[in-house]
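Here it is: the structure, laid out below.
In order of appearance the chains are A, B and C, and numbering begins at 1 in each one.
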Amino acid sequence: METENRQRYPGSLVSPEAKIGQNVRIGFACHIYPWAEIGDGGAVGDYCIVGHPAGGSSANGRTVIGPGSTIRSHTIVYQDVDLGRDFQTGHHALVRERTRAGINLRMGTYTTIEGHVEIGDYTRLHGYVHIGQGSRIGSFVWLYSLTTLMNDPLPPSHIELPVTVEDGVVVCVGALVMPGTVMRKGAFVCSGARAAGEIPPGAVVEGPRGEIRLHVSQMVSLESKLAHPWMRHFANAYPPEAQERLAALRDEIIAQRRRRR
Amino acid sequence: METENRQRYPGSLVSPEAKIGQNVRIGFACHIYPWAEIGDGGAVGDYCIVGHPAGGSSANGRTVIGPGSTIRSHTIVYQDVDLGRDFQTGHHALVRERTRAGINLRMGTYTTIEGHVEIGDYTRLHGYVHIGQGSRIGSFVWLYSLTTLMNDPLPPSHIELPVTVEDGVVVCVGALVMPGTVMRKGAFVCSGARAAGEIPPGAVVEGPRGEIRLHVSQMVSLESKLAHPWMRHFANAYPPEAQERLAALRDEIIAQRRRRR
Amino acid sequence: METENRQRYPGSLVSPEAKIGQNVRIGFACHIYPWAEIGDGGAVGDYCIVGHPAGGSSANGRTVIGPGSTIRSHTIVYQDVDLGRDFQTGHHALVRERTRAGINLRMGTYTTIEGHVEIGDYTRLHGYVHIGQGSRIGSFVWLYSLTTLMNDPLPPSHIELPVTVEDGVVVCVGALVMPGTVMRKGAFVCSGARAAGEIPPGAVVEGPRGEIRLHVSQMVSLESKLAHPWMRHFANAYPPEAQERLAALRDEIIAQRRRRR
């Protein structure tokens, strides 16, 4: 079996016990551990590790990658990880133990999920994003470059106060998300802003003091006439099966504004 | 041919169709695709991918690396890329499809060029720099660590509003460069500042509100008596052939200040 | 000897001249240079380079990794580096030439030490941390994600003005540490704050203007009743041998507050 794998995946170290689905491409010089399961139609880039050993209670865990997934080069996925179908990474990404994600999570280049993390469906993490241990992230979330979800309120300490990010939230480039922040559905954190405490549904967080003055539905692009919440103008970037959920989420966020008045 | 390559580049996967120049060093466990051209005297570090396949209209593109280039370990350069002579990267860098750069581009560790990008000559990108798709960058530009050139004014949306960076611009560590920013020649963005809209030639952008009060020629180091524009005290870091262009750029930036009075 | 190494470390390129201690694990596809010394009980992850060649006066240097160290995958350690026992890295880390560190330095994923750097004992660098050339860092220091220690006061210039970080200092996520900053013992830089000049012992630096109004001993968590300096509630995260030093450091920082009154 091992000899067979060496011929099938030249230059790579693929355990004969790993479950590799139909039509899976394994790149050059990959390292696939015995407890890895890579679903049909997946692709693993060069120099990737799938099933990196984890200690403690994760030591017997599996690494399940759903069908249709693309893991780009130099990426590491640990043991005790379960990622739904159509999972995608950029290059040099890292997913640590006890990460569970729904369908079609996309994470960018140099992005880390530190583990003990739950993520919903269709969530997008751009590059250099750092998801601290214990974070809870919903569906249809967008975290842009350099977003760091902190979890220690008195660093360094033994207190863990991870961040909660509900459905449809957007965090723009270079924002600070303080430990324990709870971002309710559709909240929007501007570039360079500081989010802390509970952010109401659809609220817009601005500036280093994290002021909240607007609801996302008041954010309009003058040139394009497009307006938030983003499901109004960007739902077509998602597959048909997601449309109903996106429409419901859009309506719920808009309704929250009326409720606040 | 393939056997020959395996002996010549032990541990690496070098396509026999790749054009490898004279005196090129290829590191350990590299992956060089058939459409790669590496110019004379180049060096490719370990675990690099040169010619990573790109989809769409880039699928037939070449990867041209000019002579005298150094690509450090764990770096990925895509298909449909053209980089001039004396190109250099740090480790773990990424250059995506449809990137064109002039001579002597230097990019730091963990720095990404997202593709569909044009860059002039002698430009320097430090570490953790993220060049968004469609950015236009001139010559003699300095982008320091963590600089992110954004391109979506209403994230997430289908609108693309990339950044333009003209010759001699400096962006310091941790600055925010908003979508659509146009930085005119010699503009200077301070550490942690926010740049947006059109920044006049030689203007200094300060703070989270992006205030413009100074011209770069008013920035003086009291201890060293050195003054901006930086071509005054740093032109000697460039080769003789670049001196005339640097002097002209320096004079043009200084002249712009007089014009503003 | 070389044949022996290929059998012992399959897929890796381990120089027969490298000094590999007892019970050292070398991962898949590693590259270990002749001048590397890896102490007993160490572990090197996949795709690591230990002893990456350095130029100039470092060209004859050794790479000494103390016993009990863990170097995680895709990490690069240069020539002319000396790291004490129990050194640890995250994945994709980089340590350049002329770095000296005491015992138990831990550096996170995507973290870079640019070289010509001295670091004390038990210091922790989280992810995406960038230690500029020439920085001086003490013991029991905490630099959180995205911390960048700058070193050029008039960028770009030939002036080098590196940062000094004394024992027990904490720099939180996304802070800016300006060139030449001297952080005295136990100083604390808040998330997103800007540190510059000399920061007194135990001083708390806040906001984009870097205001100093508090001493760390005034930072208390209302819920947990825990208070800074952090050695009060977090010393138990360190081994017995470090306790005396931590207690002395704690007392010194608290005493400095009384002295200021």
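Just so we're on the same page, contacts are C-beta pairs under 8 Å (C-beta built on N, C-alpha and C of every residue); 3 or more make two chains touch, one makes a residue touch a chain.
Worth saying up front: this structure is predicted, and the values here are computed from it rather than measured.
Engineer: Taking all residue numbers used at the chain A/chain B interface, answer same if over half belong to both copies and different if under half do.
Structural biologist: different
Engineer: Nearest 5 degrees is plenty: how much rotation brings the CA atoms of chain A onto those of chain C?
Structural biologist: 120
Engineer: Suppose each chain is reduced to the average of its Cα coordinates; what separation in Å results between chain A and chain B?
Structural biologist: 28
Engineer: Send over the residues of chain A in touch with two or more other chains.
Structural biologist: 29, 47, 74, 92, 110, 128, 146, 174, 208, in rising order.
Engineer: Help me check something: in the complex, which residues belonging to chain B touch chain A?
Structural biologist: Residue positions touching the partner: 13, 29, 31, 47, 49, 52, 74, 76, 92, 94, 110, 112, 128, 130, 146, 148, 150, 153-159, 174, 176, 178, 194, 208.
Engineer: Mind pulling up the chain A residues that touch chain B in the complex?
Structural biologist: Going through chain A, the ones touching chain B are 10-11, 27-29, 46-47, 73-74, 91-92, 109-110, 124, 127-128, 142, 144-146, 170, 172-174, 191-192, 207-208, 219, 221, 224, 226, 228, 230, 233-234, 237.
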